[in-house]
Structure formats: structure tokens, C-alpha cells
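What follows is a group of structures, each given as C-alpha cells.
You will see two complexes here that share subunit A, one where it goes with subunit B and one where it goes with subunit C.
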Partner chain A sequence: MFNLFLKECTQLGKSLIYIVFICITIAFYTTQYFSDIKGNDPRNSGSPLIKPSYVQDVEKYNKENDMYPCGSTNEEIPEQIISKSTLMMYEEHMKGTYSAYPHGLFKNVKLDKENTKKIEEILCKITGKSLIELEKLHKNVNWNEIHFSSSSKDYSSFKKLMEKANNIIGEQSNYSKENLRRFGVRPITYEEAMKTYKDLIEKDKITNGFARLFCDYMGIVMGLFPVFVVFSFIRKDRKSNMKQVIYSRRVSSAKLILSRYSALIIMMMVPIFLLAGVSTFQVVSISEKLNLTVDYFAFFKYSIGWLMPTLMAVTAVGMFLTLLTETAIAIPVQMIWWYSSISKGVLIGNYDLSQLMIRFNTIYDRDEFVSIIYNIFLNRMFFILISAIFVVTSIYILNLKRIGRIDFYDKYSKYFTNFKGKFKNSLSK
Partner chain B sequence: MQININNLSKKFSGKSALKDVNLTIDQGMFGLLGRNGAGKTTLMRILATLLNKSSGEISICGIDILKTKELRKLIGYLPQDFSVYPNLSVYEAMDYLGVLSEVPSSERKKVIPELLKKVNLLDCKKVKVRALSGGMKRRLGIAQAILHNPKVLIVDEPTAGLDPKERIRFRNLLCELAKDKIVILSTHIIGDIEATCKNIGILDNGSLIFKGTVQELKSKAEGKVFSINVNPDELERIKQQYIITGMIMLGDNISIRVISDVLPSDNAQICEPNIEDSYMLMIGGIDNV
Partner chain C sequence: MAARICEQFVAIIGVVILVPIFTTEEDENIKETINAKVISPIFVYIIRILISIILIVSIIALFVNTLIYLDGTFTSGRLIMGTVSSALFLGGLGLFVASLTQNVGIGYMISIVYFVFDMMTKGKYTKNLFLFSLMNNSIKEKYYLFVAAVVLIILSLLVYWIRKINA
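The block that comes next holds the complex of A and B.
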């Protein structure tokens, strides 16, 4: 079996689609992960690898430097949230467009007259002022000095009004329950900063934190692009008219499927391992200058435990669909699956069994990661199980195909051809 | 070493492709004749374990056709439209197919050059498959089919589209292989069968309408083949009355070869039948082809 596996690896390695896959993986790594971690260079102020320094007067520091010494974080601070979110709503109202992020994608929302009127009413209720009054105040007065109406001082009634506004504008506007929290900002305390620093340097040994971010980004690649390689690789027998020559040979269906499946997995993990090596080298070269110790295997461990199950599931499902239908159906199916997983727009904290890709878009938050590691483990095990089921089913399907019991393509290709013909005719008309 | 086929039938969506075929094939070359769509490829694919039968029994060298795993060790198959991944070289293609046939590495290293030499492709072992001519590809096809030294070699329409020189080379190769194997050659080219096969079967509309030796087939047309010289005006009338199996222009006249139970005309001369005459007689003439 190892011999066949090597032959399949060689063939895959020479294919154009595999080279394109490597290029996409490298491009994604460079534009997403690499550009994100650039700021972690210890020469930059605020680098997570530099020990935080204690500042006595944080507000004075903020005024002088326009930033907090240890950075800032979001928190539900009603005074800030009411003031800042209302200002944003007023400005969006004046501009005539509202930002929303349905399925994680940016959308510019324009409201009709009736809904615009409703937003005006909400603004007036929150501020206790008419729109003309607000316009004058916006031009002349610091918005923070506006005295909000008594109803809005009750934070729960303010949130209800904002929920109403969110319903009018649409899913995931700036005023949704989750997004409102972003208007509240407070400085990170020295103690908090020290804990984060110690977690990253001592507990995560730097690379574990970075590896989570690496897997967060590379998971997006692994959730979609492998299906193109799988489709091309599995369909090559039909494309090259080799089905009968291969099917009539002595090799068992299990051996053939397992060799091809493992070749796909290993070969598609090769660029990931190479980039994991590059990332380790980057972190090691920085940490050596700072005399910090790192976990040399973190990127590899995370790649196997975090990314490989995604790749295994995508490959198994793609292989099954391509083998069964011999059409490109696996590609749109995978696109829908990928989109439904990524469009939830949650960067940290969603690890239910429907999540094909695990998101954890930060090098920090070790405590959060540790608290959900069991859920992540269950999620990854679920996808390994899915892969195993589809691989076994693929073996069964190939067995049937080899004795001519099923030939989906031959049976239904005429319908595809008819559809294509009709489509072309309608285009030419 | 024998293939036994008893009451074999195959249906596709209710339509019969093979009807109650009974046949025994012994060692040596066996030719399967029949027009396009007669059921030759269906029978070949069933024997190559690529298609399941609807009913009947088949055993190959004593092994039931349902035991595909065991049978695939014994069978070498060259399909009608043989092809290999175009980006592989001749040697790489052989090596890959050798792995799929579970030929050990050391044996592959020994056997592949020998086979390539046998099919006259050794000089092209590094050439990509996409660069091979049609004839070279078929020769590669035969080499891959015998790579694991099968007892049964099934060759489906191997000479279609080959030039005469390549066709003769291919026939000779098959004859050589048939010395210690069962070689089943399916074709609609009668010349291939006549030159190579001792035993033949004729399939028509899914039924086996003849099985026997070439001589037995020829004898079917004994006393029924005539040569007549006619002028072109008479040709149309004769065509409607008799099965015409050959035509040669002789100045203003045409010498035609007809099959008839009675003397077709006074100037007709009886001829020695050839396999083509008998085949045409069996399948009912050119109009049915």
C-alpha cells in the first residue's frame, strides 16, 4: 500500500491544481497571518513580547500619547455606550446609509422614508431632543455633554430602543446586542497586561499563542480550497479514460481509496507544515533576541490537531461526491458548507459541531482557549468521524462501480447535457 | 484452462444486451465477431469483472465470476478505448499499473523492460503517453494487460483505427501471447479473426448465432457463393435479390460476389467461400449491418 501511496503522492505533486493550491495557501498566509503578526515585532511599542511597564497616571499618559500604556479593551460601560452609539447612529442617519455585517460581510444599508422616520424617532427618544436641536448640538457642542432623556438613562430601555433600530437596519448592524459592547472602552490595567504577558510568554511559550492565530487563518484555506484538488485528482480516471483499466486490476477498492485519500491529506498538509516551520523560525528568531524560550513544536501540533480534521472532512466529502457523481458537484457543496461556517462571523467562541473551521483570531486569551478546549476537541473528533464515514462509504461506492452496479454519470449525464444545451440556447437567444 | 459461460443474460434498463449465451472458450485465440452494438463489449466487460450479469453462470479457470478479487489476478484487460494519464511516461504508466496489479517492485523492474521490448516500445520508455501514436498506445495497452502474467487476456477491438502495418504487428503479438493463455479478441474486422483465431463466436443482437472453428464457419457458405459478371444497370436488381459480399470493376462490367441458395444466373460461377462470405450469410447481409 505504501508503494501505491507514494505513486499517488508523486502524481498529485506534479499536477497543476496542486501547485495552484500551494500558491493560494502561501498567498493567504502572507496577506492574512503574516501581515497580522507584523505588529508583534519587539521593536514596535505595544508588542506582546515586551513586558508591560507600570504607569502611575494612566489618564495623563492617554492625553499625552493618545493611547493607554497597556492598550484598551471593550467593556459594557453604559455611559460610553449610550453616548458613542447614539452619536454614530445620528451620523449614519445624516449620511443616509447604515453599516451592517450580515454573515460577516459588510453591507451599506439605505432605508426608506418610513424606516428613516422610525430611526429619527429612536434618536429623539434616546436624546430627549428634536432632530433640529441635535443638529445644532452636533455642530457646536461636544456630544458627550448632551444630556440624554430620562428614558435612556435607564440602560435596559436604551438597549430595547437599540434592538429596535437593529431590526430596522438589518442583521448585525452597529447597534446589535453584540456590537454595542464595542462602544465601551476602558484601559487595560497593568495587572491585566502582566497576566496576558505571562500567559503568552510562560504558559503558551509564545508559539502556542501564535499557532492558534496561524490555525485560525489557515483553517479558512483548508475549509474550501482542498475540494478543487480533490475533484481534479479523483476525476482524473474518467478524464483520462482510465476507469476500466484501473477497475479491472487486482488492487482492492479499500487500498485504492485509502492510498489516494492519504496522499491527498499528506500532500495538502505539506504547505501547511512548511509554513508552520517558517512561522516557528520567525518566532524563534525574535524570542532569541529577548532571551525567551519557545515551544518548537507548537505550530506543528496545532496544525495536526486543529487544521487536519478540517482538511480530512473536506477531502472525504469531496472525494465521496466526486466518486459517486463524477461531476463537479462537490465544489458548490463545499462552497455552501464553507460559507455557512464562516458567515457566522464569530471570531472566537463558536465551537458547535456545525463549525467546520475553528476560529480563534487572537494570540492572547489563553484562559478562554483552555476553557473551551474540550468543545474544540469534540468538534475535531466529530469531523474525524465524518471523514471516516465518508471514506468507508467511498470504498463501498468504488466497489459497486467496479462491477458496474452504479454509474451515476452515465445514467444522468444526458440530463446534464440537455441542461447545458438548453442553457446555451437560452444564452444565444 | 477454460472459460464456461452458461445461459448468460444481461439487461440494461429492461433492454436485453445479451440473451442466453452459452459458450466454452479453451486455451488459444478466440475471436468474437459481431457488428457494432451486437453485445461484444458487454460480454467482454462481464468477463473482465467490470459489469455484473443479470442471470446465468460464468466460471473462468474454475473460478466463479462473482469472485472478482480472485479473478482479477487471472485476467488482463485491454478496453476498446484504452488510455493512460497523458502526463506519465511509458515506463511510469507501466509501473503505476503494475503497482495496481500488485506486482512486486523487484518483478516490475525485471518485467516492464521485457514487455516494452516485446511490444517494441523500449526505446520510448521515457516518452510521455500523450506523445504516443494510436498504434503505440495500443501496444502499450497490450503490455499493461499482460504485466501481471494473466491466464486470460481480454482484448476489445484492438485494431480499430490502426494502419495495416500496425494491425499485422498487433495480430502477430496476440498470436504469440495465445501460446499459453486464453486470448479473447473482440472485433468487427473479419480479417483480424481470419488471420489469428482458430475458434470464433458470432454475436448478433445479443444472441450467440455461431460458435465453432473458422473452417466450420466457412463451410456454412459452402456451395452458396457465386461470382457473376454484370453490367452496372443490372446491379441494383441483384442487390435487392441477393447478399453481395464483394465487388470488383472489370472495365465496363462489374464482377460481384453473391450469396444465394440457388444459381443466381446462367453465367454465375460457384466460388470457394471465405470467412467474410459466411459471416455475411450468418448476419443476414449488408443491409442488416
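The block that comes next holds the complex of A and C.
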């Protein structure tokens, strides 16, 4: 079996498509991950590897530099949210179009007269002013003069009104519950910045955080491109007329499939491991200058635990479909699967079982990661299970094919010839 | 919004329809039989390509008109032309690579790679061959794409022809 595995590995290593696959992986790595982590160089001022500095007067700093010393974050601050969101709503109302983001897609919503009137009512109710008064305030850039009372009771009624507006405009408008939060901005405190820094440097040992970002980007590659390699590799038997020769050999189907499957997995993990090595080297060279300790195996651990299940599932499903139909059907299937997984647009914290690739587009947020690690584990286990099921089915299918019980391709090419014959007959009549 | 749907979903139809045109002749036995016939295979390919192009155009036109029927508000000609250019370019690229490498898998792969890269880098590297220019309300790129598509399709036929002569 091991001999067979080695043979498959060399076969795959020599094939053109495998080389193209490696090139794509490297290109993706440099354009996505590598260009993203460039900003982390400690020579840059905002680098996460540098200890945040303490600034006494945050507001003064903000006025001088037009930014907060440790950055800013969104928080539910009623005064800010009420004022900014009503301003936004008023401007959208004047423009006549409202933005919404259903399913992560941008949509310009135009409302009919009746609904526009409803929005006007909501605006008047929240601000306590008439439309003419609002127009005056807006012209003179005196929006802040509107007296919004922000007691908790008012805020809850404001939220209800906004929910109403959201229902009128449609799914995921600027006024939906989640999006309202974005109107509130506050500076990140020194303590928080310090915690983020300590989480990354001490708990994550730098590389763990970077490895999550690495897996986030490389997962996009692993969720789609292996299927091309699998398709070409499995189809090769047919192309070079080796099908009958292999089918009649004494070696068992299980051995054939398992050696081929493991060869595919191991060979396609090779570029990932190489890039993981490069990334580790990179981080080590940066951190040595700053005298920080680094976890040398983080990239490899994450690659195996996080990326390999994706690769396994894609390979198993691709192999199964190609074996069964001997057509390129696996490619569109994989594209749809990949697209449906990636188009949800959630960059962090989506890990339900339909999620082929797990995204975690940040090197921070260790707490968030620790809190969902169990769900990620479940998700990964699910995909390993799926790949096992498809591998076993592939073995079964190959067995049936070898004894001549199914030949999907012949069957439906025959169907087409019949179809042609029927067509001709009907024409000659 | 309509531009986004057309460019990011419908344009893929070009890959699905145009790339596998030479696949049947990947089998050496079939290829030998076909090459020995009086009618030049290039002629057959041209017919196949034309049929595919007609198919692509009509599917896209049908789709866009369905959108308009469902209360879409945009100019259909621009959208159809833009989507067709993107689809033909993707298909032509795949077809060219497939005929060059004699491996349809690589053909599919390259055109999808182009698509995904362009989507991720937003035309940073592809400049005038940016696939999703309609989303930025620019149609200039579409002319380049269309010309490139025609060139790629002709080149792929040329590759096949040269290989046949040398064989």
C-alpha cells in the first residue's frame, strides 16, 4: 500500500495541474495574507507588536492628530446613535434612496409615497421637530442642536421606531439592530489596548494570532482549488486508457482509493506547510528584534486542524463525483458550495455546519476565538466525517465499476445517441 | 446591484459553456479518427464556438430581460454587452489554456482563478482587463475584454492547428 501511495505521489508531483495549484497557492498567499500582515512591521506606528503608549488627555490627542491613541471601537452610546442615525436617515430621505445590505449585497431602496410618509413620521417623532425645522437645521449644519433626551425609556422607544423604519426599508438597512451600533464610536482605552497586546504577545505567542489569519486566507484557496487537481488526477486514467488495466488488477478497491486519496491530501498540504514555514520564519525574524517569544509550531498546528478538514472534504466530494460520473460536474458543484460559503460575508465567528471554510479575519480577538473553539471543533469534525463517508462511498462505487455494474458515462452517452436517433426519425417523418 | 449579480454570478456561464469545447478530442482515439476526416476539425470547432457564443449571449440576454421584467431599472444593452464580454473572456481564457495544456481541468482552473483573484484584488493587477467594471459604472474595460476574448479564442484554434500540423 505504501508503495502505491508513493507512486501516486510522484505521479501527482509530476503533473502540470499540481504545479499550477502550487503557483496559485503562493500567489494567493502573497497577494492576500502577506500584503495584509505588512502593516504589522514594528517600524510602523500602529503595529500590534509594539506596546501601546499611555496618553493622559485622549480628547486633546484626538484633536491634534485626528485619531485616538489606541484607535476607536463601536459601542451602543444612545446620544451618539440617536443623533447620527437620524441625521443619516434625514439625508437618505432627502436623497430619496436608502441603502440596505441584504445577504451582504448592496441594494439601493426606493420607497413609494406611502412608505416615504411613514419615514417622515418616524423622523418627526424621534426629533420632535417638523420637516421644515429639520431642513433649516440641516442646512446650517446645526444637527447637534436638536435636543435628544437619552433616558433609557426614550432610547427604547427610539429603537422601536428604528425597527419600524428598518422593516419599511427592508432587510439589513442602516437602521437594523446590528447596524445601529455602528453609529456609536468611542476611543479604545489604554487598559483595553494593553489587554489586546498581552493576549497577542503572551497568550497567543504572536504566531497563534497570525496563524488564524493565515488559515482564514488559505482556507479560501483550500475550499475551491483542490477540486481541479482531483478532477484532472482521477480523469487521467480515462484519458490515458488505463482504466481497464487498473480495473483488472488484483489490488483491492479500498487500497486504490485510499492510497490515491491520501496522496492527494498529503501532496496538496505540502505547499501549505511550506508557506506555514515561511510565515513562521517571518514572524520569528520580526520578534527577535523585539525580544519576544514565539510559538514555533502554531502555523503547522492550525494548518492541520483548521485547513486540512476543508481540503479533505473538498477532495473526497470531488473524487466521488468524478468517479461516479466521469465528467467535470465536480467543478461547478464545488464552485457553488464554495460561493455559498464565502458569500455570507461574515469575516469572524461563523462556524455553523454549512460553513466549509471558517473565517477569522484578524490576528486579535483571542477571547472570541476561545469562546467558539468548541464549535469550530464540531464543524471540523463534521467535515472529516463527511469526507470519510464520501471516501467509503467512492470505494464502493469503484468496486461496482470494476465488476461492471455501473458505468454512468456510457449509460448517459447512450441516452444521448438515442435522443439523436429519435430526433432524426422525427425529422425524416 | 444588477451589475453585481450579472458580473459575479452569470458571467461564470462562459466558463461552463466555452471551456469544454475541445474535451471530446482529448481522447487520442477520437482525435485520430477526426483528424483523418475530410472536413477540417478547425471548421467543426468554429461551428461549435459560434454555437456556444450564441448560447451564452441568449442565456445572458434572457437573464437580464427577466430581471427587467421583475422591475429592474437599468439599461439592458449595456448590461448584456458587459456581461457577455466578461463571460467570453473567461471562457476564452479557459479554452486557450485547455488547448495549450491539453487538459481541460487546468483550463477551468485558470479561468476560475482569474475570476477569484479579480474579485479579491478589485482590479489592482488586471487594470484594463478588470472583470467587474460595470459595478463601478465603467464600460471601457469591457471593450478590452471583448477584444482579448476574440484573440484568445483564435489563439486556441491556432494552437490546435499547429499541433495538428506537427503531429
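Everything below uses one rule, namely that the second predicted complex is superposed on the first by the 307 of 429 C-alpha atoms of A that agree within 3 Å, B and C clash if a C-alpha of one lies under 4 Å from a C-alpha of the other, contacts with A are read in each partner's own complex, and residues count from 1 in each chain.
By our rule, contacts are C-beta pairs under 8 Å (C-beta built on N, C-alpha and C of every residue); 3 or more make two chains touch, one makes a residue touch a chain.
What you see is a predicted model, and the numbers here were worked out from it, not measured in a lab.
Asks: Pick one for A:Leu256: touches subunit B only (first), subunit C only (second), both, or neither.
Replies: first
Asks: Between subunit B and subunit C, whom does A:Asn3 touch in the aligned arrangement: first, second, both, or neither?
Replies: A:Asn3 sits against subunit B, while subunit C stays out of touch.
Asks: Which partner does A:Ile373 reach: the first (subunit B), the second (subunit C), both, or neither?
Replies: neither
Asks: Between subunit B and subunit C, whom does A:Ile246 touch in the aligned arrangement: first, second, both, or neither?
Replies: first
Asks: Touch test for A:Gly404: subunit B only (first), subunit C only (second), both, or neither?
Replies: first
Asks: Which partner does A:Lys14 reach: the first (subunit B), the second (subunit C), both, or neither?
Replies: Only subunit B is touched by A:Lys14; subunit C is not.
Asks: Please work out whether A:Ile331 is in contact with subunit B alone, subunit C alone, both, or neither, and reply first, second, both or neither.
Replies: In the superposition, A:Ile331 contacts subunit C only.
Asks: Can you pull the subunit A residues that subunit B and subunit C both touch?
Replies: 241.
Asks: Enumerate the contact residues on subunit A facing subunit C in the complex.
Replies: 16-17, 20-21, 24, 27-28, 31-32, 105-108, 220, 224-225, 228-229, 231-232, 235, 239, 241, 328, 331-332, 335
Asks: List the residues on subunit B that touch subunit A in their complex, please.
Replies: Subunit B residues touching subunit A: 45, 48-52, 68-69, 72-73, 75, 77, 79, 81-88, 95-97, 99-102, 105, 144, 148.
Asks: Within the complex, which stretch of subunit A touches subunit B?
Replies: Subunit A residues touching subunit B: 3-4, 7, 11, 14, 236, 240-242, 244-252, 256, 402-405.
Asks: For subunit C, which residues count as touching subunit A in their complex?
Replies: 1, 4, 12, 16, 20, 23, 26-29, 101, 103-106, 108-110, 112-113, 116-117, 120-121, 125
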